[in-house]
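Both complexes below contain chain A, partnered by chain B and then by chain C.
Moving on to the complex of A and B:
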């Protein structure tokens, strides 16, 4: 579920970016319009219709908009939404802090090692998200590697319980999301002409000033794309939270799963998934309007 | 040239024994160069000759393996680029795309921590100097190539640098604009009286703009001199052929006379009394030669046959064969008047020649690297 949503969001993002960045050019028609028909039909049947059905289900005749009232008035559900957003924001910020230096090194200083570095960055994507999350469970368990090392070093007396809860969830999500952040930021840095940084240097700017006044502002497009991408994917992530959350971290996707599989309150589950979808759409809209404004400034 | 002894010692730029290699490639070998205060020096050479590396070493983006970079008498080799007080204009101008023209020009002053009002005042002055007043709020992409060039120049000049570095400054402009900018650049450089080092592979640009030219090939300076010196008396064959066109003949010097096997003549005079006897090369520029239907009494003359002709608008260029196993000689004749100039068609027998003092001569052993 989380992955499926992630994939469609990436597609949507890409489409959004490419449409917005070249607003004046008309798309070149590579194929006759009729060839687009199958995919449009497919999307209508398997994407638009189910979404529409979901909306109808959340407003069933008996309850009306009661589900939404419950989500937005009940403190418990508000808290779940808050936790979901806070977790997404936290993971996004951590990813940015780690991925920016990695991207910069990758683009500017890796030389002939860049291929190896790119592979190391992308390699985690080759494994299923379940495997990656489960590996963290193994590493962080009572008898796991991390506890073992800490015990051997004498830093702790007995194993810490850290295989379930906010910490492992955050670690695993950051691990999972970093490739997406790097893949968004690295091209933006790549597109910055090194001469611009040299110009700033010769005009008297130290390395740090150069970074703050030239490099970072010019990479903001990539940073924004990466942040919104990661934010939305964490918002919708499910597997990692299910495996490592240990019930301590309740987010919207987990509640939705419970509504459909345990409580079997389809209407309420549908309402919650619509709220999640709305958050994703708002993010997307934010990003597109950001890029549009920057584009307008530059012209 | 307006250098004095004190200028050479005091301000300006001096490179002493600069070497730099990248892996196995020797980019610069023990290079020396002096640029007196206020002078515009052009580093001229084919791509890969080390001229850009020299500029990057002066700027501080590359560290030389050995040697000193003296700016105003002070060795700056260990200073980072931002502490050297230089100005630099790149070929692609490198204006910050996320800043307006005024923000670009005021960037250095802002970094230096000047007050807003002072920055605004000096930005206005700088934009006026480069004739960009009123473009303050434009973004670089809204400017033409020439305007971007001038904005980049203003951004450097506003810092009142002790030394201005220009990397192929006019390379990205089209021909007409380039000629305008040559005068513009020279005017600004003279007005500011700013020591300038310019890198170019365009000989015309170097000849037009520079006070002196340093011709570089394979990481070494082959000759330094005024445009006139370098053009009229090249130090060796490489310089002669890189700057303009030259007809080069092999000959032997013997007591102030240089013998060259040319057509039916074997003895040709050249006025180079200080030359030692031995194998020499004699060079003569196409435009220094005359071409005529009959034997002319002025100086040397050789008979030949026209085998090529190009009309260049201001001049006719002929290729004349003067003998078997000899490269054809190029002769350039000004197209003075539509009616006076006779055009020699292919196959015509002609006489070509030059005044002895217009030829340049150098020993043949210098030729090795042509």
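Moving on to the complex of A and C:
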């Protein structure tokens, strides 16, 4: 869901719940089953119906499939979709590269510092989305701290303009997505029996080889979970791009909002939101099948 | 040729150095905003020469900030309340049910998490306008309840599923009816989880921009929406002050969750 806090701490909840096992035998059930109805009705009326109506809206009675034809044939819109997907993928890969060593350190080497490291990892989740974007504006602006340090060190002659565009957007998104990646990978590494690694070492494997042939392959499940989660969230992110993109990076969420706010072509906006929705549903499906596979293995 | 021990030390040193650099990357953006909030200048610049509280005063004096803050708090509390009202009973039923159908309903209740809020906001605005609610506090509330439900269901469902049904069974064997069992046994055991879920919902609601944006009017603008539009026209430390206040609220709420529920499982 959306940027950052839109899904804040769900990783934490995820991790908390994944260790929970259902009771083996049939437990008593004294809460009336009918109490599921109100929430199901509520979600059908205010969640499913709006999205379904949006599908109808995207097929104009006069023009039919025209909106979709435009999205998938016009080079401009194809490029927007490509940029959206490429940005999501890029941020996901960067997050993985940065978060994996941190997760490994957190689980295997942090010792009594683990509490501090956990706090550092989840700190961005405590801040508001506006705060995070604002802070990168401050850090990366022409008179900002980063330019100041680079000037002092003599690495650059004059300030570089870097507070708007792909660079700040990528940095800001990586910063806020890292907690979700770490919180997905760390439990997977934690679940690996350290004896497997020990055995590899005793049998003569170097530390690097042990990591590459034992630890890393066994943690792939967590890696996949984290990658899907981050990809999905970046795909729908809006505020970071609105503040830091400076108009240079166009993605589907930005375009959808523009259709609503400026262009006022609601049918076309609806069609674009359905494209974004379709991507989200594919991610959700991947997520569910991953969980089911894991459940099947645990049994 | 490096000895075995040298390689070992190199790896450990590398990890340590890397973790330190990582920590700076994670914390610097947060610290910088808190520092800027106390600057006396009317523009953002470094190094900060004079310190003051004036930007916190401005939060109180600048009407749009203050009014939207009231809307934000009211909205957060009400949406958490209604999400609990709908979500808690369902979570209790579903975490004791097995089978494909119960799983499907659970997934359905969690699915608002996976839908981009910009899509949800867009779709809901048109839908709610058609049924006569339009841009109003009620619409805003409905949107936030939809977004909050997954957090409540997850927290309460997760906690209840991990509890042994033994206590409830004992209560019933000893003659309690369903309602008494719930009130004297189940409720005290899940109270912490309900509060934790409600606080998660509060935090989510207070920070939401993408949904609130669609339902924004002078009387229904939330604080983050006002901050976003403020940021588009001016760049002064009042944004930093407002962010700092939000940060303090989030830290306090999270501390409460930790007390009630424990952030257990964070490292696995």
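Methods note: the second predicted complex is superposed on the first by the 254 of 299 C-alpha atoms of A that agree within 3 Å, B and C clash if a C-alpha of one lies under 4 Å from a C-alpha of the other, contacts with A are read in each partner's own complex, and residues count from 1 in each chain.
Following the convention adopted for this analysis, a contact is a pair of C-beta atoms (placed from the backbone, for glycine too) under 8 Å apart; a residue touches a chain by one contact, two chains touch by 3 or more.
Given the structure is predicted, the values throughout are model-derived calculations rather than measurements.
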- Query: Touch check for A:190: first (chain B), second (chain C), both, or neither?
  - Reply: second
- Check whether A:92 is in contact with chain B, with chain C, with both or with neither, and answer first, second, both or neither. neither
- Go through the superposed model and pick first if A:84 touches only chain B, second if only chain C, both, or neither. neither
- Task: Between chain B and chain C, point out the one touching more chain A residues.
- Result: C
- Item | Partner chain(s) touched by A:206 [first = chain B, second = chain C, both, neither] | both
- Task: Determine, under the contact definition given at the top, whether A:43 touches first (chain B), second (chain C), both, or neither.
- Result: second
- Could you say whether A:198 touches chain B, chain C, both of them, or neither, answering first, second, both or neither? first
- Check whether A:58 is in contact with chain B, with chain C, with both or with neither, and answer first, second, both or neither. neither
- Both partners, chain B and chain C, contact chain A at residues 206
- Which part of chain A faces chain B closely enough to touch in the complex? 193, 195-196, 198-206, 209, 213-214, 217-218, 297-299
- chain A touches which residues of chain B in the complex? 59-61, 80-82, 84-88, 90, 92, 94, 96-98, 107-108, 111-112, 139, 141-142, 155-156, 159
- Task: Would you mind writing out the residues of chain C in touch with chain A in their complex?
- Result: 7-8, 11-12, 15, 18-19, 22-23, 25-30, 32-33, 36, 44-46, 86-87, 89-90, 92-94, 96-98, 105, 107-109, 111-120, 122-128, 130, 142, 145-147, 149-151, 154-155, 157-158, 161-162, 164-165, 168-169, 172, 178, 181-182, 186, 200, 203-204, 206-211, 213-214, 224, 227-228, 231, 235, 239-240, 242-243, 246-247, 250-251, 254, 263-268
- The answer for chain A against chain C in the complex is residues 1-10, 12-13, 15-23, 26-33, 35-36, 38-40, 42-43, 46-47, 49-51, 53-54, 57, 98, 101-102, 104-107, 109, 114, 117-118, 120-124, 126-139, 141, 143-145, 148, 175, 178, 183, 186-191, 206-208, 232, 235-236, 238-239, 242-243, 253, 256-257, 260, 266, 269-270, 273-274, 276-277, 280-281, 283-284, 287-288
